[in-house]
Amino acid sequence: MRRTFSMGGVHPHDCKISADSAIETFPLPQRMYISMSQHLGAPAKPLVQKGDKVRTGQLIGASAGFISANIHSSVSGTVAAVEPYTDLAGNPVMHVIIDVEGDEWEESIDRTPDIVRDITLSPAEIIKRIADCGVVGLGGASFPTHVKLSPPPGKKAEFLIINGAECEPYLTSDYRLMIEHAEEVLLGARIMMKALGVVEGYIGIEDNKPEAIKKMRELTASSYPEIKVVSLRKKYPQGGEKQLIDAVTGRRVPSMGLPIDAGVVVQNVGTSFAVYEAVQKNKPLFEGVMTVTGECLDSQHNFLLRVGTPFEKILEAVGGVPQKTAKIISGGPMMGKAVANLSAASVKSTSSLLLLTEKQTKRMEESECIRCGKCVQACPMGLEPYLLNKLARAGRMEDLEHNKVYDCIECGCCMFTCPAYIPLLDYIRTAKADVMRIMRSRPKK
Amino acid sequence: MRKLIVSPAPHVHGDESTRMIMKDVLIALAPSMLVAVYFYGLSAIKLLLVGVIACMGVEFLIQKYLMRTKVTVTDLSAAVTGVLLALNLPPTAPWWVIVIGAVVAIGVAKMTFGGLGHNIFNPALVGRVFLLISFPVIMTDWTVPASWFRPGVDAVTGATPLALVKEGLAQGMTVDQIISANPDLTYGQMLFARAGGSAGEASALAIILGFIYLLVRRVIRPHIPVTIILTVAVMTGIFWLIDPSQYTDPLFNILTGGVLLGSVFMATDYVTSPMAVKGMVIYGIGIGVLTVLIRYFGSYPEGVSFAILIMNSIVPLLNKYIKPARFGKEVSHA
Amino acid sequence: MGTTFIFTVITLSVLGLLLAVVLFLVAKKFNVEEDPLIDVVEATMPGANCGGCGFAGCRAFAEACVKSRSLDGKFCPVGGNAVMQKVAAAMGVQAEEKAPMVAVVRCNGTCQNRVRVNEYDGSVSCRIISSLYAGDTGCRFGCLGGGDCERACPFGAIKVNPETLIPEVDEEKCTACGACVRACPKGVIELRNKGPKNRRVYVSCMSQDKGAVARKACSAACIGCRKCEKVCPFGAITVENNLAYIDFNKCKLCRKCVAECPTGAIHAVNFPPKPAAAPAEEPKTDKQ
């Protein structure tokens, strides 16, 4: 019996058409737009002013609070402006805009290609280095990694799980990392295990990536015996933290709980690679692998891309936006964000630009619910999306809370599977936000 | 470049649609329809055609001229109701009876409640039960009409096995005597094909083929049919063990009458069955128990239709109180 | 036959009597003592339960009035002064007069004025659109056209015009309950003084973008040029964050600002039409 998570899930078409494109280094554009809010939590405070000279890897935005992260310049050059610039949703966000001049790196960064295997830093130093280098979770939520590696008092991690599921269709950036930088990913895991003080690690990979599984198995067998490779039966949303923990360890994170409540910390493959680079190479997180894909494109790419590259430039480099393109998504087709503004720039966690045609993405007209229960069957959290949708449209907050809308992970399985094309998640998502706000505003007992 | 589309995630949709599901149900019903045509020839074709056309027509007329809403006949749900209604009628049923059944099924049981997705009771069954109560003679006339596939046989009566047993028992015969008096009551005949009964009941195998197709296509889950059949087996098994001379054995009970047709195609109707697995099991057990009770202690020889309709009525309650298993234990609200 | 009949009658009578006693006892036990004045006050209310007063419904409003024994800060926008007089009379206190209000949509970003820069394909709800992104036009402050106000209005007084995609208020039906104001995630709707003969002057724009940006996104945008501020003889207009606002308590409806506004962002409604000799660039007025 191949392992997977225990309830719900759907099987979207794989579409990993960029899987065989090796990682290419993306050329530097003339102007970079580096957002000060690339992570969950408070936006970073800009440390530079117009006219300042910056070097690649220089700290330009300081973490503003416990849940926040440092931001480093991804290029060297002159600061053209520090001002609000529209993000992909069309809303203004504080950006540092830099005119690129050459590519001079901070001298503290180790730019040699050698793999550094000895972990010399202590756990506290590791966590400090990760925080200094501005590493955030690259799986989607952009949660600051150093916070995740510092469990709250009274809670102890027992395992580290590296998330190599990459369950979203189309995305291949984690896959390329696992193939091309397998050892660095494992070293990153080893570093985080040291920081957490755990001795058992897992890396969960879906079985549609047999090469990655093979490569990882070889490496762990020879030199990383503390990390076990778990092959997972392909099912979406395997990469959801709660689902991955369930699939790999059989433990279930309690309702409203965090992975640490089940004694587990989950980190993405990309994050693990960034941790390795931060701790062993002293390289802040200012570049990452990004998939640029879509059936309508002539060529599929996985780019090593600096943070702050405008989407327009990326699309120009792949030959422009094809006429057929109807929607451009930053991220995967299940949970990614539709891009409304192509002049917006990439951030640390931008894992992909996906171009879809109208046929692939246009919503069909909604019809009556036939009460087939497929949404209930598909929900990986055991909720009743059909009911939540109705309650949400009627604004019945108490009933929504009673039916655990707050457990929704917004994976989109319900809407994906609904034969009546009901936009279930649209309403559930806003209702969840409302209910969570009401619950937070209540006096704590 | 065209204007970009922006919408909330997810940005792709699965391959399923209401129409596809209904088409799958029709495909699953195809073996039973073919068997009916083989046995009853022109009568079966007439039955099916009139059923489908009447149901779709009634839905069209009501949506277009009475409710003045969008006409959704093309989702094929009315066609499914039409086929199911036809397969639940005696092959000799006259066309006007089918039309009345369609009017009741679609007009009363479905559209009155607001159309697809809102009805409480299975439309085809409401139509059938209405006809059974209104026209008992027509509805229990099990004459087997001539078919050009079975040359030489002409208009024989083919009472249903359940009715034969019930009559026989009422005359003071034992089960063994009844079965030996009716040489065509073999398991093989009941499984593969036996003329008599409703148009869709002739072959258990055809229904099972449809069931497998529905499972493979993931249109339905096995819980409801399996629990119904198991419950019927257990209930009848208990009676049979107590007194085999008065009660038929479980296999006989499963293969005869509408248990298979009802449990696979009627009880699993999305709109009128529960959403959660636990609810499905309770619903299935309820149908099984009621079916056996009606068969043994009611005045009708068959009770599947009534059992499903009765359990339909408690589905909203099941949906309200029986919740699916949630992921993760509840902890105190932080 | 006879005994059955008698027996039935007796059983049912006894049963009825017993149940009546039970009902009586239960009613006694669970009886809630309430000030009868609440009922009196509630009877004077319009009964729309719209929540426009800030309470959960008409009964909650009546309870609050009776419990606090005063009408300070309480006003039923639906019933207006007439109902508040009745409430005051029932409670034996004085009610203060309030000027009648009406909901005003402060956006004129019609399909003509505002170019659509992308195509929204999700559920039609302003809440959902605004939590997703800035909207399908270049202006992130304006009306999203999703009709949340229309759905929130208990009186059917506000409707999205399918041609302009901007809601329009039926001032006959509008009771200024504020439901639409609360429903609008962009804060485009404001309750303003109804004004003498329903005449009002207001800035029909919410854009805080700089002039050039606002103008590019919408031809009817307020560009924050301050011409109106300078021309106003009563100091009723202030420009903040590139956006003009007319204080309706100070405005004397002279309409100098209307003539001055270069983009026609200032609307004057329900004024009699100007004589034909008026300047060619006549300010827009939206007759409702």
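Going by the order they are written in, the chains are A, B and C; count residues from 1 in each one.
The definition used in the following text is that a residue touches a chain if its C-beta (ideal position, glycine included) is under 8 Å from a C-beta of that chain, and two chains touch if they have at least 3 such contacts.
Computed from a prediction, not measured in an experiment: that's the story for all the values here.
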Chains linked by the largest number of contacting C-beta pairs: A-B
Geometric centre: closest chain by C-alpha means: A
Rounded Å distance between subunit A and subunit B, as computed from the means of their C-alpha atoms: 48
Distance between the centres, which are taken as Cα means, of subunit C and subunit B, whole angstrom: 53
Centroid spacing, where centroids are CA-atom means, of subunit A and subunit C in whole angstrom: 42
Residue numbers of subunit C (touch at least two other chains): 117-118, 121-123, 128, 132-133
Sites on subunit A at which at least two other chains make contact: 327, 338, 340, 362-363, 423, 426, 429
For subunit B, residues that touch 2 or more chains besides their own: 4-8
Subunit B-facing residues of subunit C, complex: 116-123, 128, 132-133, 136
Contact footprint of subunit A on subunit B as seen in their complex: 1-2, 4-14, 16-18, 20-21, 72, 75, 77, 115-118, 221, 270-271, 274-276, 319, 323-331, 333-334
Residue numbers on subunit B that touch subunit C, as the complex places them: 3-8
Touching residues (chain side subunit A, partner subunit B) in the complex: 7-8, 10, 12, 169, 242, 246, 252-257, 261, 321, 323, 325-329, 331, 333-340, 342, 356, 358, 360-364, 367-374, 376-377, 379-384, 386-387, 403-404, 407, 410, 412, 415-421, 423, 425-426, 429, 439, 444
In the complex with subunit C, residue positions of subunit A that touch it: 86, 89-92, 327, 338, 340-341, 362-363, 423, 426-427, 429-430, 433
